[in-house]
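Have a look at this one.
Naming follows writing order (A, B, C and D), and every chain is counted from residue 1.
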Amino acid sequence: MSGIWGNNIKLSIFGESHGKGIGIVMDGLPAGIPLDLDGIKKEMQRRAPGRNEISTPRKEKDDFDLLSGYFNNKTTGTPLCCIIYNTNQQSKDYAAIKDTMRPGHADYTGYAKYFGSNDYRGGGHFSGRITAPLVFAGAVAKQILEKKNIIIGSHIKNIGNINDHAFDPLNIKGDVLKKMIDKTFPVIDADKGLKMKEMILKAKEEMDSVGGIIETAVVNFPVGVGSPFFDSIESKLAHILFSIPAVKGVEFGVGFDIAKMKGSVSNDAYFIEKDQIKTYTNHNGGILGGISNGMPILFRTAFKPTPSIGKIQKTIDIKKRENIETQVKGRHDPCIVPRAVPVVEGAAAIGLLDLMIEKDGIGWML
Amino acid sequence: MSGIWGNNIKLSIFGESHGKGIGIVMDGLPAGIPLDLDGIKKEMQRRAPGRNEISTPRKEKDDFDLLSGYFNNKTTGTPLCCIIYNTNQQSKDYAAIKDTMRPGHADYTGYAKYFGSNDYRGGGHFSGRITAPLVFAGAVAKQILEKKNIIIGSHIKNIGNINDHAFDPLNIKGDVLKKMIDKTFPVIDADKGLKMKEMILKAKEEMDSVGGIIETAVVNFPVGVGSPFFDSIESKLAHILFSIPAVKGVEFGVGFDIAKMKGSVSNDAYFIEKDQIKTYTNHNGGILGGISNGMPILFRTAFKPTPSIGKIQKTIDIKKRENIETQVKGRHDPCIVPRAVPVVEGAAAIGLLDLMIEKDGIGWML
Amino acid sequence: MSGIWGNNIKLSIFGESHGKGIGIVMDGLPAGIPLDLDGIKKEMQRRAPGRNEISTPRKEKDDFDLLSGYFNNKTTGTPLCCIIYNTNQQSKDYAAIKDTMRPGHADYTGYAKYFGSNDYRGGGHFSGRITAPLVFAGAVAKQILEKKNIIIGSHIKNIGNINDHAFDPLNIKGDVLKKMIDKTFPVIDADKGLKMKEMILKAKEEMDSVGGIIETAVVNFPVGVGSPFFDSIESKLAHILFSIPAVKGVEFGVGFDIAKMKGSVSNDAYFIEKDQIKTYTNHNGGILGGISNGMPILFRTAFKPTPSIGKIQKTIDIKKRENIETQVKGRHDPCIVPRAVPVVEGAAAIGLLDLMIEKDGIGWML
Amino acid sequence: MSGIWGNNIKLSIFGESHGKGIGIVMDGLPAGIPLDLDGIKKEMQRRAPGRNEISTPRKEKDDFDLLSGYFNNKTTGTPLCCIIYNTNQQSKDYAAIKDTMRPGHADYTGYAKYFGSNDYRGGGHFSGRITAPLVFAGAVAKQILEKKNIIIGSHIKNIGNINDHAFDPLNIKGDVLKKMIDKTFPVIDADKGLKMKEMILKAKEEMDSVGGIIETAVVNFPVGVGSPFFDSIESKLAHILFSIPAVKGVEFGVGFDIAKMKGSVSNDAYFIEKDQIKTYTNHNGGILGGISNGMPILFRTAFKPTPSIGKIQKTIDIKKRENIETQVKGRHDPCIVPRAVPVVEGAAAIGLLDLMIEKDGIGWML
């Protein structure tokens, strides 16, 4: 089953990139919450392409329509449906090549799963465009968490082999994270940011693409949320993060590097100061036994390079069962990472909101 | 909710390390499947401690009892309950230190979530011992998948900073994977294996611990299984892998390294040969758009060092709200990675079985 | 959580009667199924008001739009979203009385649950209108079941104290059920049908309303589908039937009357004839131990009278916390039972389809 | 899937009547709740057979063992596993007749679903004995609800065609309900109770059985709990009630009789008195739009007669595919209704607890 997620907040996502519309239903939101719709629009613009020279010139209007669940400027508590109608879709680009299985895309796997009946235009339901409704839902979740001063923010940690500094796992603060949200290319070190953009432009010129890693932090998340085993914070967040197209790795705290450490180093020793319990280090990224310990939650998400590149590639024709070559036309991003930032944050917000409601019920949010 | 997982195969895990018993209920198994109980016992022995010098001398008998769901040497199709009774538990070791929040463990987070009412002895429900029932369920799932020639196997990719070779992502074969299952310390390069064991023994002497990474491959998995978005293979597997205590990172295919590649390299170009569709490379680890493409599925799981070390550590007393020091006594593993191998494989088997049943129903398995 | 249902086919329903639109997302449909959209429209017209003199003159256009999941006249296998835009809504009728808690409606309970933030216009998300998307989904499910010759049909068993004959629980046939689908007022005995209509018209004149009971049969449903305990056919169907507004009772086979029987009578004795296993009687309505036995499945659903009546009624003003009187204006149905028939059938179809997929996977439907 | 139920409290039920043990895992209980284990034992004895002359002489020891989730006399908050070991099972009674499909039982349907591999002894997983763990879980839920003064109680409304009085839907009180819990044969009118017992004994002499109806009330349930559509109180309760073997009908409030009423009668008019909102009548059984309105919740559950009767019955041999006759031996109940009372109450308690947690989180219970 592809479209449904959640225990306490439930999402139902739908849409094909060249169908009539894409959207999402959010079920389980509390009633009476005012939403900052302009703030949501702003989040969605972070995802939309066509904003600057490093992105594709293809413009997507992500204007959305709330069909239900929002009345008199507040959530009703009943299911909220957000629709984004598809415009500016150039469908003629795809009809002729529907039997070409583009490398790195889900053309072949989607064909196999859906017996060739899926909407192939622009990737159909596999298109990165379908992350737009996810950003909407994530923006709603972020606003609700922010009412409790829980702040989520990210920066681009890597593009190709260019590395930004890391967030300070002990002292990262909410206002620093909020500043990141305002940047179209959020990095800590501006020079590294310039090098990253150069790398992206160079790839674009070479008709190629690059990947990257996003680092995300969550501050002020209360202690004692989550579970051991099957609903650990890591499980819940990883489940929804790996749902984002192009994600190939997720790690928490120090992540894979923790495997190189000794226990005497990786253990985060506790201390109490002014009746607040903290740790001297934060290699575990704020999560132990699947449950939050009050320290900043930190995780990293790895994105593969955009599969659509202009270079000629070997592939197959699925109908003729022949080896062919292809050259993907159209207007594509050399790097989706900057646009993926609000998707990652939104996904994390939804996961954490789901766990908050599990603990405190719906009244918590008010 | 901590104990329940799954859509088509459902698991319900329970137990505390020093309670009467631990176990798991498997719901949704097909009827009429004979199980190789000796094979299951063998899998469980791979997890049990006390087998060799690099592990803890603490012995755990993992004899299990099938209370239901198995009759006349076949599954009945009704829920199957496996119980492992706790023996050889030295509970007196824990009572005096229940208010000491051991660093790296879930003592503090569990205390916060469960208001101090959880069973603290030996980590209670957070103990690594609770992976034993997961190995049982995983062993059942592996046997069912193997009836369709789907083989899962792993090796230890890293211990600390010692690296083994990688699996060949294109050509890894089922018989190579099966050989790994027979090794207590599965590595490809025997010399690297020796270095790894040295590192573990050295940590043990220093009253410290080390972490590591397990690399797992799945071969002969059919094309077209999985979904885009919320039930992608990566989402499903990551969800259950991150449920395993001590896991801090999961990556698929080339994983985090894919972020350093160009699209022209990371894209796996297709070709058809003798009517079989394959790819020249396999950076995506056999999964595109969340769905299998027929190539070997590859992933890596990062384990942090065992939190229980003999060195003195700073921490707090949660009742007195004071800073204290502690020295964890007892008999602990300097490295859980070799014992975690059947847990990782079992978890993956359960996730893949769930997706197979989603596609083909229960009759598939027969 | 109100809007999500299902294990193998998942539904997400949304909408308020006076919002922009209402709709449903169906997730888990197989790919490649052509749908008879005219047939679906016809089903939806069976529900829509304003068709005849016994119904309300209020017209609802139930034209629907498929935003996703349907391409080249076949299901894609990806989530299918159906939207019905709200037109012909007279919202001014409701604003002045939003604090009046109409008896028999969900005004007060919805106010309590949603803290007064729900859309009160026309009942909002509680309106019977929200059954329109359910009829859509049910119509899709019915068409899929019909490809396997599984036929669902109903008749009005009771209006007030007027009783129609019962379906023959042993010999009810698919063609008889199909004929019922073509009738706007489906009954077996035409005279009883006339008496029922008289009763409805009389209630309308008296500014009152009447309730009724719908009897539904399912033929050719295969043996061995369903489960004991929590996913029994009765559990699954009752769950979705009781989701329909105004339903206050559900019974299977002989239903409540079985409590008056002796076991020697209520037991359905088996016999085998031409290698087909049948029963001499069918008091159990085709279900034993929660699983189908191959005999016709029979159940009855009880609907309370429409709460909206023109008579003056005592009630309260929730803001002023005062006792008041009210007279519900607007154009309302004296009896919703004839219009509820496609809702009941559709709900049952969805439940049975979900169980069929559990057994045979998605490929079953092709 | 048969064994798993719930959203906020999750149950996993397992066991066959002649297997090693039966049991249930409860997941999602709050931590720190003391349980009255003697009270639970008392509830389970209400279900156990062999207590009096109207029941079967077959004794079932329902001693239970808590393997996990209970420590220092309080719930830990981690999954709680309760096991009841099977003793006093006379398995030789069943081996010879495993191919005889007893009428009214799930022998044939279970054979079909489980391909003949199910444990047929004593009905296996279909046995009424498997309601014992459900009574355990229900007893825990009842105790938790009672901490908030929410009381559930029942009486036998009908045995065969003998009717007891009904509960007063407006004024039924908690202490009256509690008194019912202490009666082994709970009725309002003692004379009717005697007539019912006569009828049961007479059926026993005639080697036959009778069915009955249980009426249940819930008082002090707060307003605003539940949902429209798929998680309505009726849906949730009916789902779990119809999971109980032998249930063939469930109705709320006036139930099926509401279909005979006029709207002007069935509507429950509101009034406010001393700032408390009530209704003059309670035909809707305390539920409107799927949500509680504060009035007593009332429902009725119809049980068919025990299928196991001593009379000779026609049936089939499933292996030989022949018509045969059978006479069920063994020690069986002529009427399960008195023993089903704690099952019905427990089931309702679990369903209502699940909805309470949805609203108020886990902290509610403390």
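The rule is short, and it goes like this: a contact is a pair of C-beta atoms (placed from the backbone, for glycine too) under 8 Å apart; a residue touches a chain by one contact, two chains touch by 3 or more.
None of the values given here were measured: they were computed from a predicted structure.
Counting C-beta pairs in contact, the pair that comes out ahead of the other among A-B and A-D is A-B.
Distance from the centre of chain D peaks at A, each centre being the average of the chain's Cα atoms.
Annotation: 26 Å between the Cα-based centres of chain A and chain B.
Between the Cα centres of chain A and chain D there is a gap of 45 Å. Looking at chain A, residues 1-4, 7-8, 13, 78, 113, 125, 228, 358 sit in touch with two or more other chains.
Those residues of chain B whose C-beta lies close enough to touch chain D in the complex are 1-4, 8, 10, 12-16, 19-23, 25, 27-28, 31-32, 65-69, 71-72, 74-81, 83, 113-119, 124-125, 366.
Taken in their complex, chain A has these residues touching chain B: 1-5, 7, 11, 13, 101, 103-106, 108-110, 112-113, 125-126, 130, 158-161, 203, 208-213, 223-232, 234-236, 238-240, 242-243, 245, 247-256, 258-264, 266-272, 275, 277, 279-280, 283-285, 287-293, 300, 302-309, 311, 313-316, 321-323, 358. Listed in rising order, the residues of chain C touching chain B in the complex are 7-8, 78, 228, 357-364.
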